[in-house]
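Paired with subunit B in one complex and with subunit C in the other, subunit A is shared by the two complexes that follow.
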Partner chain A sequence: MISKEYLISILDKKTRVDGRKLEDYRKVEVEYDISKNAEGSSKVRIGDTEVMAGIKLEVGTPYPDSPDEGTIIVGAEFLPISNPEFESGPPSIASVELSRVVDRGIRESKALDFKKLCIVEGEKIWMVLIDIYVMNDDGNLQDAAALAALAALSKAKMPKYDVESGKINYKEKDGKLPLEKMPVECSLAKIGEHILVDPGIEEEGLLDARLTVASVGKEVNALQKGGNGTLSIDDVDKMLKLAVEKNADNLKKVKK
Partner chain B sequence: MSYTKRNDGRKFEETREIKAEVGVIKNAQGSAKFQIGETIAVAGVYGPRNLYPKFLQDPEKGVLRCNYNMFSFSVDDRIRPGPSRRSREISLVTQRSLAPAVNLNEFPNAVVDVFVEIIQADAGTRCAGICAASMALADAGIPMKDLVAAVGVGKVGDKIVVDLDKFEEDYEGGASDMPIAMLPRNNEISLLQLDGELDVKEVKEALEMGKKACENILEIQRKALKDKYKGGK
Partner chain C sequence: MAKLLVKNKDLVVPGEVLVEGMEYLPAGNVFRDKDKIIANTIGLVSIDNRLIKLIPLTGFYTPKKDDVVIGKVENITFSSWFMDIGCSNLAMLSLKEATSEYIERGADLGKFYNFNDVVVARVINVTKDGSIDLSMKGPGLMKLSNGRVVNVTPSKVPRVIGKQGSMISMIKEKTGCKMTVGQNGKIWIQGPDPKNEKKAVDAIKLIEEYSATDGLTEKVEVLLK
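Up next is the complex of A and B:
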């Protein structure tokens, strides 16, 4: 592990521990259909960070305050295979935060038309279960998870459902999910006076403040500030502009 | 009921197509992917490393710890994430399958952690996991006296077969499933379970067929390990 002073001395020279410029994102790769029993699945790599996501659909009962809307449930597993620091056991607070920020990016952008996920008003709805598995952690799991979730959603097929018998036939497909918008997330870090995009694992360990921005085009749908340090209004403005630009780049990696 | 021809056209003693690859998880000391038909297992190894809490440490020999986990979306009906009774039992038998191959005496007080992840399932997941795990241990440089090869054998209808897929496991004419693991060098059996109904003669027959399949799997495992170092990956 490097010291913070050393990290800042590198950033002062407008470069990073892995040779990137402050505003460079690592190489992003997206693969599809990595697990054929899922309704949709993907693998996303950001540099050496690797996550997998899969979509399963189940039929459930709607919430009383939204009787004609389906819903999403996002979960993330920080597998101990991915990082020697991760331990087996119940979800850590970091994995809960990550999955909630993915959830908000999708929910608040109205990426999925929840009304189209209603089967019988007040009785039956589709629940879209999005599960994210971290395979290798080299920093910025948040963006990888959000992109993997979007990629898996973009290719997901609905299973056939028979209202009479109440049975789902996972072998037969019934069209695509009602994916209307494509939210992407970008995380940035503030270390000393420097703002940088897509923090790697060493930068994450030393950052003062972090900001994750979920956006569709220029619309910002979810924000999450992390770290114990603070941000100025100008910092946030700069970060948002960078995030919107990076999100547009990363969106190109996902096939609709 | 007579099972004259296998669902996917295989011979009764034939496994599904196998693909093996080493070095798939960058952070892990050793890792491997093992695919048999539509079943995909990934294993990663960390250690030897310090074992806590301290009372778990053994001054005589190291501890091998295994964790088997199925992805929620690896099967049609989603599995709730986290350990289940089934996954805990499979973790246990995975540990027992591998332990005889590992020279635990060489790292007293330490632990070697093996994580097995099932990404996609079409029966035979514990065996695929054991095959991946033994390759990952070798890739991590853990001292071993042999690799471990594992395969499901059993009976579908009236036929003894190797490597049942999900269709065969659920065969309407009845199926018995007997997962085995072997240290092929001396044909030592380190995993043996059975669900179903086989007579004494059939168990012997199935074990002999399984032994041949394990020898074949061992060759594939060896090749994948050699390829990693040959290719300079």
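Up next is the complex of A and C:
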């Protein structure tokens, strides 16, 4: 618990409540294969924030406008144990936003080759279900969720599918998912006149504006702005530059 | 013949049977079911002659009269302020107990304590139905304008303070921070520099994590060096 004026007075001294510098990211840890039943799974920790992701594959029918493309479905759940403000029940606005941000990072970067997820054109495709569970919220769930989803995708194995009988054999594996690119996300906050990387939970509660940047290498694929404040063009330029830099660091944590 | 099923300082979970037989008496956080004494919460067993009680590892704050607590203004009415002190009910600070200044009829109470202001107050009364009255009259009771508040589990507050305040005065001395510990587990810290505040926060986190181990003071001392 901290007041906004006091937080800004700390930021004026070029440091933050948890002792980091404005442009420092917290310690990132990635753990693989935490679930036996999922095709791919991972757990990501950013400081005390903890997010799990699991990949399941199912066979479905394609959308009429893209008969030869597979699809992804991202679901995010905020477990009530992770933050006193989260409640069980229908998805909250924040959890819908989180799943959308993760979805967009993967979809818009064309990380998965959707064409390779097609089994029979117009009839059968692979649906990649990415489920995200927030175990502990200490701020910046977006980055943790996106990194967890990417780590799980990078390790996921395709199950065997028999077209004639229409049965999926989850026990036998049939190669990896067609993951072509590695999109990583970085969130930045603007508080007062300061721009900070990887906001913690106290900073998240007091920020004026937030920008989440998804990028592959130097190519920015998706942006999501949050908060009621405004961002100038200079702010966005600075944020994009920082985000691309931090994303390159975080990508090293994910094994190919 | 009574059968004692646990030792002193054993970790038990709710529902665990501690004693069979009538020779022992249930004290805090345990209850008697026929001839058994059963744990009510997760905690460490403390056996004092015939008394069995639990020191809870975690839990909510239960307000007691004369506790000094740290609260945040959640609501303002015509004649009182309501504060969040970290328990199930909001605590009421009435106009009479708020200040010795003269308050005109119809004055804006937000001028004294506004929403989200953090204050140190004293619990003056707790009724059976759970309503809590606070007072701002007394030494050290004031509005906290700067600084930050960190939370610890209320059951660990005695460890943060230490014997005769030894732990808290050591942290204050080594970090140069001003600190106020509320019995509700909220601790206010203000230091000359954010780095000093961070050190004090780290020390409190360390105490919370290792509160049940030996040599806690040494551990904190090493951290603060």
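We adopt the following convention: the second predicted complex is superposed on the first by the 256 of 256 C-alpha atoms of A that agree within 3 Å, B and C clash if a C-alpha of one lies under 4 Å from a C-alpha of the other, contacts with A are read in each partner's own complex, and residues count from 1 in each chain.
Here, a contact is a pair of C-beta atoms (placed from the backbone, for glycine too) under 8 Å apart; a residue touches a chain by one contact, two chains touch by 3 or more.
These numbers come from a predicted model, not from an experiment.
Novice: Does the subunit A-based superposition show subunit B and subunit C clashing or fitting?
Specialist: Result for subunit B and subunit C: clash.
Novice: Check whether A:Asp18 is in contact with subunit B, with subunit C, with both or with neither, and answer first, second, both or neither.
Specialist: A:Asp18: touches subunit C, not subunit B.
Novice: Which partner chains sit in contact with A:Ser3 here, subunit B, subunit C, both or neither? Use first/second/both/neither.
Specialist: In the superposition, A:Ser3 contacts subunit C only.
Novice: Just checking: does A:Leu207 make contact with subunit B only, subunit C only, both, or neither of them? Give me first, second, both or neither.
Specialist: Neither: A:Leu207 stays clear of subunit B and subunit C.
Novice: Count the residues of subunit A touched by subunit B and by subunit C, then name the partner with the higher count.
Specialist: When the residues of subunit A touched by each partner are counted, B comes out ahead.
Novice: Figure out whether A:Asn136 sits in contact with subunit B (first) or subunit C (second), or with both, or with neither.
Specialist: Only subunit B; A:Asn136 stays clear of subunit C.
Novice: Which positions of subunit A sit in both the subunit B and the subunit C interface?
Specialist: none
Novice: What does subunit A use to touch subunit B in their complex?
Specialist: 34-39, 41, 48, 50, 52, 54-56, 58, 75, 77, 79-84, 88, 90, 129, 131, 133, 135-138, 170-171
Novice: What part of subunit C is in contact with subunit A in the complex they form?
Specialist: Those in contact with subunit A are residues 72, 116, 118, 146-151, 186, 193-195, 197-198.
Novice: Which residues of subunit B touch subunit A once you look at their complex with the stated criterion?
Specialist: Residue list for subunit B touching subunit A: 25-28, 31, 38, 40, 42-44, 46, 49, 67, 69, 71-78, 81-83, 113, 115, 117, 119-121.
Novice: What residues on subunit A touch subunit C, complex-wise?
Specialist: Those in contact with subunit C are residues 1-3, 5-6, 9-10, 13, 15-19.
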